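Two complexes, one shared chain (chain A), two partners (chain B, chain C).
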Partner chain A sequence: MNLPTFILKNALRNRRRALLTVLSVGISCALLVTLLTLQRELTVPPESQAASLRIIARNKVSLAQPLPAKQLRVIERIPGVVAVSPFTYFGGNFRDETLTSFAQFAVDPVRFRGLLVEARVMEGSYEAFEKDRLSCMVGIETVGRYGLRIGDRMKFTGTFYPVDLDLKIAAVFGGTIDDRGVFFHHKLLDELSGDPGTVGTWYIRAASPEVANDVIARLNGAFANTAAEVRAETERAFQLGFVSMLGNVKMLVLLISGAVVFTLSLVTISTMSMAIRERFRELAVLKALGFQRRELFAFILAESFGLAALGALLGVGGAWALWTHLDLQKLTSGFLIYFEVTPRIMAWGAAVAALMGVVAALPPAWQTARMSVTEGLQTLD
Partner chain B sequence: MALPLNYNIRNVLVRWRTTLFTVLGIGAVVLVFLGLRALGRGIEATNANTGDSRNLLVVRKGSQAESGSLVSREQFRTLRDLPGIARNAAGEPLVSAELVMIVSAPRRDEVGEANTLIRGVTPRGMELRSQVALVEGRWFRAGQREVVVSSRLARRFAGFEVGGTIKAGPDRLTVVGHFDGRGSAFDSEAWMDADESRALFDREQYSSVLLRPADDSLAAGLIQRIDHDKRLALRAEREVDYYSKQTMTAKPINYLAGILGTAMSVGAVFAAMNTMYASVGARTREIGTLRVLGYSRRSIVLCFLIEGVLLALLGGILGCATAWGLQVELAAFNVSFGTLDFQSFAETVFQFRVTPDLMLLGLGFSVVIGLAGSLLPALRAARLPVIVALKSL
Partner chain C sequence: MVADPIVSIRDLSKVYRQGEIQVTALNQVSIDIQTGEFVVLMGPSGSGKSTLLHIIAGIDRASSGSVLVQGINVANLTESQLADWRNQNVGFVFQSFNLIPVLTAAENVELPLLLTALGRAERRRQVALALDLVGLADRGHHRPDQMSGGQQQRVAIARALVTDPTLIVADEPTGNLDAKSATDVLSILQALSRDSRKTVIMVTHDPKAAGYGTRSLHLEKGEIVA
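Up next, the complex of A and B:
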């Protein structure tokens, strides 16, 4: 019998306990990975290349305050601006839904073409969307989710706007970071709401990433001290603004992760102590046979670490498999979208479990090191 | 015959080290579950505690919240002239047309901004909301760019202290006082003069109308009349009903509590099982002796189930006590939580609320963990052959 088999036999001699330990470490690990993924989902909006060129300008008062449509003429003339379109969040409810999870935006279709450059038209044609004032362009995810086709009608009840929409699907797009949205003619919204001469936000594309910051500065400067001051920022900064609005939620998720780690450590430590206390006498025999303290410590550590590692493998792997293969967007009706378990998060989960394995080995190892052989041999339990 | 309860209590205590770990583990599970539910409950309680049961709130049909609602001046006049509306001592009808605006403001302790809700309110509107009381400074003056903010909101945003300024684009609002909404949704608001806010934000229309029927028996009729008037396209409802429905934000939190609580308790069941199996293993001879003394298999099963539940209940009590202590501490330091309300699109402020029914739920949770964790070990203990058990060391 060599050393590895000795350790393995020891770890598995109480199979039930080994299994329970591995399972509880596994569940805690899976939870930790899930929470870290949730934290990431809430705080790190997805990044796309095209988005680094795009700028969103909103009213400085807040996103809920509109901007005058006449600002378009000024924005167009700002050097470095390649394309600009009104971009107004409609916030309607689809069919009979009470909270529709995909957004609808009113845009200028001709100008918008130069903005959503990464989008590919999968069905129908962009020209058809451009021509028909009552039509819309829909993301492939939404089309798939509701089983829609070209020519179908989409009805929305306005929650922010006192108007309802009845749109015909003219084109289906894909290939963007979020293929869920619905885009329709701003002209239609203007007509329905009695031409208020306002837009929600401006969607702008800069010529290159280098000039993007200059464009932002010029945009902010152009409307300073006017009745409608503008806050321009990159698309990503704009999305991060929503993270700030979430307030204490971020901190809470981290706190809960802490509680999970705490529970995880309790479980492993208590199991390891139980396992060692059970064979105190054996360890005394080994000591009497001439095994050194550090060898005994290595036995204990290897066992504890091994069980924790197995649990981590199970938990982290399980969480990854679960969240990668489950259609969360459907299950949470659009609340969670990507829920990507990144290698970094998996590494964190595994590292915490491994650390627990080591920490759990310390108290029993210390106990074993301190005991006298005679004392150990006399233990009955 | 059942074993005396004292036997279980002593057993749990004599193995205090393993007991401690299991109890702490179960305690942490109950704490996480309770803590999350307490936040969800905080949001629900805030909304349930808002409004006056005598008042009716009128918003645009189709809008989900005041901030997405529009009421024209014409509609307001129609409403004001409806028969059956209460009047105050001065003979003025208790009707208040208000404007709800959202202003982005910098957070106090961290980077970033969040939306705050500014309500343009009339003297009648203040009369209609007796929950709100001034606690510092003075009320705003009509026609002035002055604002009074909730003291809870003031702790979360920079410049919201008395004498501070709130920037609304190129315009400045001076904070002249703080009010207390007594745990209602008004704790998430800032108030200013209604006409001044319409001028400031350049709005022709109002967001909502709050009114009080002269007599409560007239309320149902007024609601019907407003709802059925096709020209108005407005929706009236009791103010308290409106607010008690604004709890969509609590849903994901309660959902998370359920999922996390379940997943963590499965882990805790495994841990409890481990402890109970160890406990059975260490007491093999004892169990044999008890059987010889005449205790039935059933009483052995019962004995270990009780022990498991006792263990878990200790954890449950610990979790509840910690959650309760947390609530007391948070209240002592006046800490409130805030997040984006999906409906109003502004920051909503709420408290951590551990209620007795939640604590009972937490204790129930721990009992289930105890039962699930001790059932298999208890059955194993009962099945031990007496002779083998007696011979074991």
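Up next, the complex of A and C:
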């Protein structure tokens, strides 16, 4: 026998309790990892290098307020702007869905080409999309999810706009951070809505990330004190603006995570205290045999840490395996897209569990250190 | 020429506080114990015999007086030094055996050796020797719950012996045993004192058990009366 064997035998002396402790820590850890992943999913929009070049200009009053189409001529002359397209959210429901999870945007296909830096046309051709006013370009994930093909029709019932769309799929794109959207001709929307003079937002590409801030400043300045002042911001800032509409999700998730961690600590502290309290007599015998306080502390710490680490391994590993292999996009109808359990999140989950293992060892270790041998020997079995 | 005593106690007092009341467990006790003696401490409950045993063994502290064991004043040692000293010099035998239930007999005996620098093979050899000495060479792989009370106490004696201590302290070692097992245990302790020159100090209520010792000390109200 050696000391690790002794610690292991002690940790497993009550197998049911050890198993339940490991499971409690594991489930709490998995919940914590899931919450942190959810928080990341909701608050950190996907980033790409191309996204740092893109700027979105919306009406300064509100996103719901349209902008005059005539601003196009001013925008395209701003130094540093290499491409600009109208970019209007349609917000329709596909087929008979009541809430469609992929967005549809009206764009100018010719101008829009210069904005899709990282996108690749997977099927069909961009030219076919450009030429046919009644056609659309669809993200490959949406195509796969609904089993669509080139030439199929996509019908949308308008919710923002009092019009419906009937589009023919001309091209399928992929390779972007979000391969779900549908793009169609702004001219079609103009005709159907009878309002050719407005756009929802402007989608702009700057020449380089370095000039993006200057372009934003120039855009804001160009329409200052006009009837339609704009608020230009990077694509990322624009997406974060959407997130803020969800309320303080970060705080909410942090509060729930805090509750999980608190419960986790109660479970482990209670279990360790129970496990040590019923062994006071044995610990007193070990002291009598010559074991030092620090050695007894190391036993308790190793036992507590070991159970917590095993729980963390199960919880973090389980959460990673579950969320990596489960098609959450399908299960949540596209609400959750990536739900990526990053190494950082896994490290957080494991670190919290390990810390709990250490914290849980402190009260019983302190009690044991203070206990005299004679007191311990008088403890009833 | 008389050899120096292995245990020399002078003016030893122990005072407890129980709330507002002061309880004198030991009052100015002075005794000498020679190497190889089997000293039996007797007396009624509360007479201070267990307290005296615990102070000699270094698991309790005296309020005043000195306790020299092999010339070392135990009262002057720090907690850490005392722990090392106990490991090297004292073997404990308790009334309720106090074996670790999740360990086998051999592993229980090996426990004090984990604190030494001995290698695994040497530890095993010593464990086998100690178990053989108490007649349990074939029960090393049994857990305490698979053994009788007498066998468990013999394992406890093997654990007390395995580090080859100079002093063996036994606190009512036969209190939980039947007559046959008690005789076995007392015979082993007697043999250790007689044949191996171990100094054994035993607390007991049982006059028959006292018959195995070389000397009996009677305590009453914290003082040695006979």
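One rule holds in what follows: the second predicted complex is superposed on the first by the 380 of 381 C-alpha atoms of A that agree within 3 Å, B and C clash if a C-alpha of one lies under 4 Å from a C-alpha of the other, contacts with A are read in each partner's own complex, and residues count from 1 in each chain.
Simple rule for what comes next: a residue touches a chain if its C-beta (ideal position, glycine included) is under 8 Å from a C-beta of that chain, and two chains touch if they have at least 3 such contacts.
Just so we're clear, the structure is a prediction, and the values are computed from it rather than from any experiment.
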Of the two partner chains, chain B (first) and chain C (second), which one does A:Ala288 touch, if any: first, second, both, or neither?
second
For A:Lys9 in the superposed arrangement: first (chain B), second (chain C), both or neither?
second
Chain C versus chain B, contacts on chain A by residue:
B
Scan A:Ala217 for contacts with chain B and chain C and give back first, second, both or neither.
neither
Partner chain in contact with A:Asn225 - chain B first, chain C second, else both or neither:
first
In the superposed arrangement, which partner chain does A:Leu331 touch: chain B (first), chain C (second), both, or neither?
neither
Have a look at where A:Ala351 lands relative to chain B and chain C in the superposition and call it first, second, both or neither.
neither
Across the two complexes, what residues of chain A are contacted by chain B and by chain C?
381
Chain A residues touching chain B - in the complex, by the definition given at the top
16-17, 20-21, 23-24, 27-28, 30-31, 34-35, 59-65, 91, 98-99, 157-160, 162, 164, 224-229, 231, 240-249, 252, 256, 259-260, 262-264, 266-267, 269-271, 273-274, 278, 335, 380-381
Which residues of chain A touch chain C once you look at their complex with the stated criterion?
1-3, 6, 9-10, 12-13, 281-282, 285-293, 295, 372-374, 377, 381
Seen from chain C, its contact residues with chain A in the complex are 54, 57, 59-60, 79-80, 83-84, 86-88, 92, 94, 96, 98, 100-103, 106-107, 110-112, 114-115, 120, 159
So in the complex, the part of chain B that touches chain A is made up of which residues?
17-18, 21-22, 24-25, 28-29, 31-32, 35-36, 39, 60, 62-64, 67-68, 70, 101-104, 107, 110-115, 156, 167-170, 201-202, 233, 248, 252, 260, 263-264, 266-268, 270-271, 273-275, 277-278, 281-282, 337-340, 342, 345, 347, 393
